[in-house]
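Look for subunit A in each of the two complexes below; its partner is subunit B in the first and subunit C in the second.
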Partner chain A sequence: MEENTTNSRVNVYVQKAIRRPGSVYKTAFYIATFGFLVSTLFPFYWLTALAVTPQDQIYGLGLLPNGFNPGVFIEIFQQAPLHRFIFNSIVLSLATTIFVILLASITGYVFGRLDFPGKVPIMLFVLAISYFPPASFLIPLFELFTGNVSILGLSSPDLFNTPGSLILPFSALFMPLSIFILTTFYSQIPDGLEDAARVEGSTRLGALFRVIIPLSAPGVVTAGVLTFIYTYNEFFFSYLMNNGQPENWAPIVHGILNYQTQYEQLYNYMAAASLVAVIPVAILVVLAQEQIISGLTSGALKE
Partner chain B sequence: MSKEQNQRHWLAVHRPVLNYIERLNETQFAYLLLIPSALVLGLIAIWPLIRTFEMSLHADALLSPDIIGEFVGLQNYIEVITGQRDSQMGSAFFDPSNPFQSALLVTFIFTIVSVFFETIIGFGQALVLDKEFKGRRWARVAIIMPLAIPIVIQGMIFFLMFQPNIGFLAAPLQELGLFSAAPLSQSLDATVIIIVADIWKTSAFMALLILAGLQSIDRNLYNVAKVAGATPWQRFKRITLPLVLPMVLIAMLFRTIQALRVYGLIETVASCNTIPSLSCMVVSTFSNGLYGTSATVAFIIAAIIAIAVSGYIWRLGEEAVV
Partner chain C sequence: MAQVTLKDITKKYGDVQAVENMDLEIKDGEFVCLVGPSGCGKSTTLEMMAGLTEPSAGTVTIGDRDVTYLPPKDRNIAMVFQNIALFPHMSVYENASFGLSLRKIETEEIDQRVEQALETVEMSGTEDRMPDELSGGQRQRVAIARAIVRDPDVFLMDEPLANLDAKLRVHMRTELQRIHKELGTTIIYVTHDQAEAMTMSDRIAVLNEGKLQQLAPPLECYNQPANEFVASFIGSPSMNMVKGTISHEGIVTEEFSLPASIADGDGLNIDQSVIIGIRPEDLYPASNAEQAGDPTPSVDARVEVLEPMGENIFVYLDVVGEEVNQSGMEGAQGASQLLMSVDPSFEVSEDDHLPIVFDREKIHLFDANSGEAICHQISTKATPDEITTDGE
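Entry: the complex of A and B
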């Protein structure tokens, strides 16, 4: 009896000792989590603090807002057509996404489900395109879109300051990623399903449209969400391929930089405009985080 | 017309096409389907790349109506790399007499330092997200949020935070003697700021890839190690690290490619005059109409990226052999 109690006491002690390093790690874990959350979210908090601080109180602003002026979120729209820039960006991103997804699903289907000679070299070639910096597409595309390239005596259409001069370069930049995400997706659909449809008498295209495409919907959504976010975020071509006028389809890059150049000292406007312009992608991240994560990982792995 | 008649009519019209597609073998069918993408990529990606390369082999043509001058072979490359074109390249960084090498240096410093810290922080974030805890979904949303922020807004945030008049960071850092009074227009300070901005935005990219690596590790390995009495640190060093290393390298490869292209962040936070990266040089020579030089610098960036990619692939290959 006595021996038993000693044993259990020892047990309790040993268990505590074993648990102790665990609890040390647990504390470290909570500190790390807290640190990461604060460092990623803090800039958004501070932007809000800056935005709502009245114009004349901004000088020497610390970590807390210096006053409360929610009207700034209306003033920024009166000062510049921010809504038009955001609208432009959303339309451009949607158009790019649709264009990219249409082409990338066909290509992804071919790479993911068909075997043919030359497949690996072609895939490597597409991959190589995605490694080139945007700067190496710049001059010819600029020439092309300003109507300075002539093919057989016909000069190229003047697309500068139209949506086309942005949608086409965006597509060149982001199509490879979508192709690789969709290739992975199509290759994971079991062969049996397509074979069954073919045996049942469906045509090749019939099997593609009735079996494969419906099954690939999650992959299409993933590639679409990523393409939309990337296009909305793009800087290089957004900045250089138009003259920055909202009526010429200038995207959000110009909308935000406008506040920096024209309204030199209006820091609270810059902060408020940045917060407003983030809303579309922020909503997308909350709603589609699973797709973003799976897309980024599968795209990178395939490549 | 009923729906069925409609369908029959459609089939009658398209029968020859469908039959044609049906009779193709798999290779022909594959190439047929590749035509649309090939045309589009050909026009907006492959042709511009070839044309840029061609331009890089021609002289600048400032005084003539043509876009580029006569064929000069690799002379552009030689002159850019040896610094003979420096007078046309605008601002410099460390050594004012040598803009091209400065741009090279700035781009390398930016890439190496930011990718280094992103790997470490991303690894930490991945370890946190790998655990089960209450509110994990929202922690994940918070950690990946910066990834989705447009570059121009990322730049604006750090432009504001380091503004001497309003940003809460400029004054204390200046008092500590770390930064100058106007950090955004001082090259070294501004470079540090864009590195911090880059780490803030893209560590999460590393985190997501490393997280995928962590989750593919067989959990039984940990149980065996636990039974054998390994401490958490030993388990991390002997199991987690080696198994997740290939994924870390892939993530680093992607971040390196992105970082070597840096342009928008610089343009928003400071300016290409303060931090002249290689992409800045492409744009500034392009705006001055020096198309030959501009194309040359663009292809030098591409060559550097190619070298970096081959380096990583070689390292990954070694990893696979071991």
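Entry: the complex of A and C
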């Protein structure tokens, strides 16, 4: 009797699902969305829980914070110049972004709008760079940036502990993606518009900056924001190309690891600093999300 | 204002000859149409005048300056494009003033010149509108304003009306002529539409396969086409072309013959292969033979298809010679089709037998091998006064 009721309930549900498949899709959608939300937001929750738990309560921490110490968000700034690290990271990322967008614009223009022999192989070669593991560059770059490579008797400039030692490898690694995005966008601007600009009195470069780039705004913003985020989040070179002192342009990664000393590991400080460090990128993404979405999706589908 | 001269211009794309040894001299203040079928090199020629494409050989001169390798911005030209090419992110004012502001001209003067240019194209008061808020015709007017505002030496127009609907196109034609009259600037205009070329230009340059076929006033191209291509390209519907040979009696085709006295020295030789060209309006039904300037004896034909156009009727005729009939080849390749244009009041129906006459004053003969025109009328002396068909 009991079994019968369950069976009939299942039956009713199945019948309903067959009649209205939309409701099943809806349920499946909510389950999937919930899954994504948990997997993306849980780390933030965990960081918050970690951050507000007092240092001496951290061991054996469960899913809930052990105590509540919001003062940690002030202490991290008192303990170390975290703001300086964030500032360094923002400046480095901005400089890289500007550098990348300028160069990638010109490259994208060339690849997207001009025809020349060897265009495809060269473009593939540029793209291939972005697939290299950064570690493969590390040792030669380290040698180069510490002035240990001499070319024709001139030793390379000592860039270690300067912004250059970060901006250069960042640009090289993230440029290909921007070139790729901008090539797609610039190639879609009708020839007539560029011709019109040139006839009206601008140079090719002038037409690029006055007409092609403004009309490719979603693409440029996408490339710029992605470059900024990747650079800001970069760990490998950020960690290795300086000695971790804020005055030596050490980026945020050192700011966070700063709380880990030889004698103590201030996990709550590190968690709080991580949360603070996310803020600039979060603001950027919120501001530019519409452009990014249209940039990423329209690249392939435009008209 | 300036004349434009192309000297021995050649443009190759890989192995493809887009333009071949083109010589073109366009006078100051002239309105010249470059006309030809697609792929004939007319747009490439214009782009070389604009500096958007570099010629493989030859020189381009605007005014007294050799501009062959100058970038477009240094040529003092303006261009109107087929796809209009207004900058979509700029207002009408910004579009029109684009070239002036690049030249660092004072704002007051820019304002004044933009206002004047918009007035010329009858678009005053739209300064703040964006291109996507304008209709196709309005956009093209703004594009023209952008071109005239700089007071260039030469206007280059690349099928500017091609994307407009038929009614607007006819209207814009007269507008362009008005603007040309007002400004008196040299205009070089590319089109594939021979009607546009005929109605607007002072002279037409007919191009085919990268070569200049004829450069002459519209009516001269129409009445005295330099070769078979020009003859068939200019005029709508196009000229009838029939293969024939010169004989002592006149011109003989497989189906009919046109009696004429052929004298040496006309550029014609006995047994020479020629192509007979006759425009649809220069064919007449035999009953209306008196309308022709110099009618030939009538030729037998059968009406295949009628196309009433309102102002006239296009009659597609099958001309069938006796001999062909006898050998049972009727309707085969040998049968010539002719198109005749008649008055709508003329009564005719399909499948009718309809004798027709040719106007000898309007017959063009072209060399069958080279296609060059030999003469634009045939002699009327010693006309045998009988109906003739090919053969006996």
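Basically, the second predicted complex is superposed on the first by the 250 of 303 C-alpha atoms of A that agree within 3 Å, B and C clash if a C-alpha of one lies under 4 Å from a C-alpha of the other, contacts with A are read in each partner's own complex, and residues count from 1 in each chain.
As a convention for this text, contacts are C-beta pairs under 8 Å (C-beta built on N, C-alpha and C of every residue); 3 or more make two chains touch, one makes a residue touch a chain.
Only a predicted model underlies this, so the values are computations on that prediction, with no experimental measurement involved.
Peer 1: So in the superposed three-chain picture, is A:Leu193 touching just subunit B, just subunit C, both, or none of them (first/second/both/neither)?
Peer 2: Second partner only, subunit C.
Peer 1: In the overlaid three-chain picture, which partner chain does A:Ile98 touch, first (subunit B) or second (subunit C), both, or neither?
Peer 2: Touch partners of A:Ile98: none, neither subunit B nor subunit C.
Peer 1: Return first, second, both or neither, reflecting whether A:Leu114 touches subunit B, subunit C, both chains, or no partner chain.
Peer 2: first
Peer 1: Look at A:Ala32 in the shared chain and tell me whether it touches subunit B only, subunit C only, both, or neither; answer first, second, both or neither.
Peer 2: first
Peer 1: Per the contact definition in the header, classify A:Gly201: touching subunit B only (first), subunit C only (second), both, or neither.
Peer 2: After superposing on A, A:Gly201 lies in contact with subunit C but is clear of subunit B.
Peer 1: Thinking of the overlay built on chain A, is A:Pro214 touched by subunit B (first), by subunit C (second), by both, or by neither?
Peer 2: A:Pro214: touches subunit C, not subunit B.
Peer 1: Of subunit B and subunit C, which one touches more residues of subunit A?
Peer 2: After superposition, B is the partner touching more of subunit A.
Peer 1: Once chain A of both complexes is superposed, is A:Ile90 in touch with subunit B (first), subunit C (second), both, or neither?
Peer 2: Neither partner.
Peer 1: Taking the contacts subunit A makes with subunit B in one complex and with subunit C in the other, which residues are shared?
Peer 2: Overlap of subunit B and subunit C footprints on subunit A: residues 203.
Peer 1: In the complex formed with subunit A, which residues of subunit B make contact?
Peer 2: Result: residues 18, 21-22, 26-27, 29-31, 33-34, 36-37, 40-41, 43-49, 51-52, 55, 67, 121, 124-125, 127-128, 131, 133, 137, 139-153, 156-157, 159-161, 163, 165-166, 168, 200, 204-205, 208-209, 211-212, 231-232, 250-251, 254, 257, 260-261, 263-265, 267-268, 278-279, 282-283, 286, 291, 294-295, 297-299, 301-302, 305-306, 309 of subunit B touch subunit A.
Peer 1: For the complex, which residues does subunit A have touching subunit C?
Peer 2: 190, 192-193, 195-203, 206, 210-211, 214-215
Peer 1: Under the definition above, what is the set of subunit A residues touching subunit B in their complex?
Peer 2: Touching subunit B from subunit A are residues 21, 25, 29, 32-33, 36-37, 39-41, 43-44, 46-47, 50, 58-63, 103-104, 106-107, 109-110, 114-117, 119, 122, 126, 129, 131-144, 148, 168-169, 171-172, 175, 179, 203-205, 229, 232-236, 239-240, 252-253, 256-257, 260, 267, 270-271, 274, 277-278, 281-282, 284-286, 289, 292-293, 296-297, 300-301.
Peer 1: Which residues of subunit C touch subunit A once you look at their complex with the stated criterion?
Peer 2: Listed in rising order, the residues of subunit C that touch subunit A are 50-52, 71-73, 77-79, 81-89, 98-99, 102-103, 146, 150, 156.
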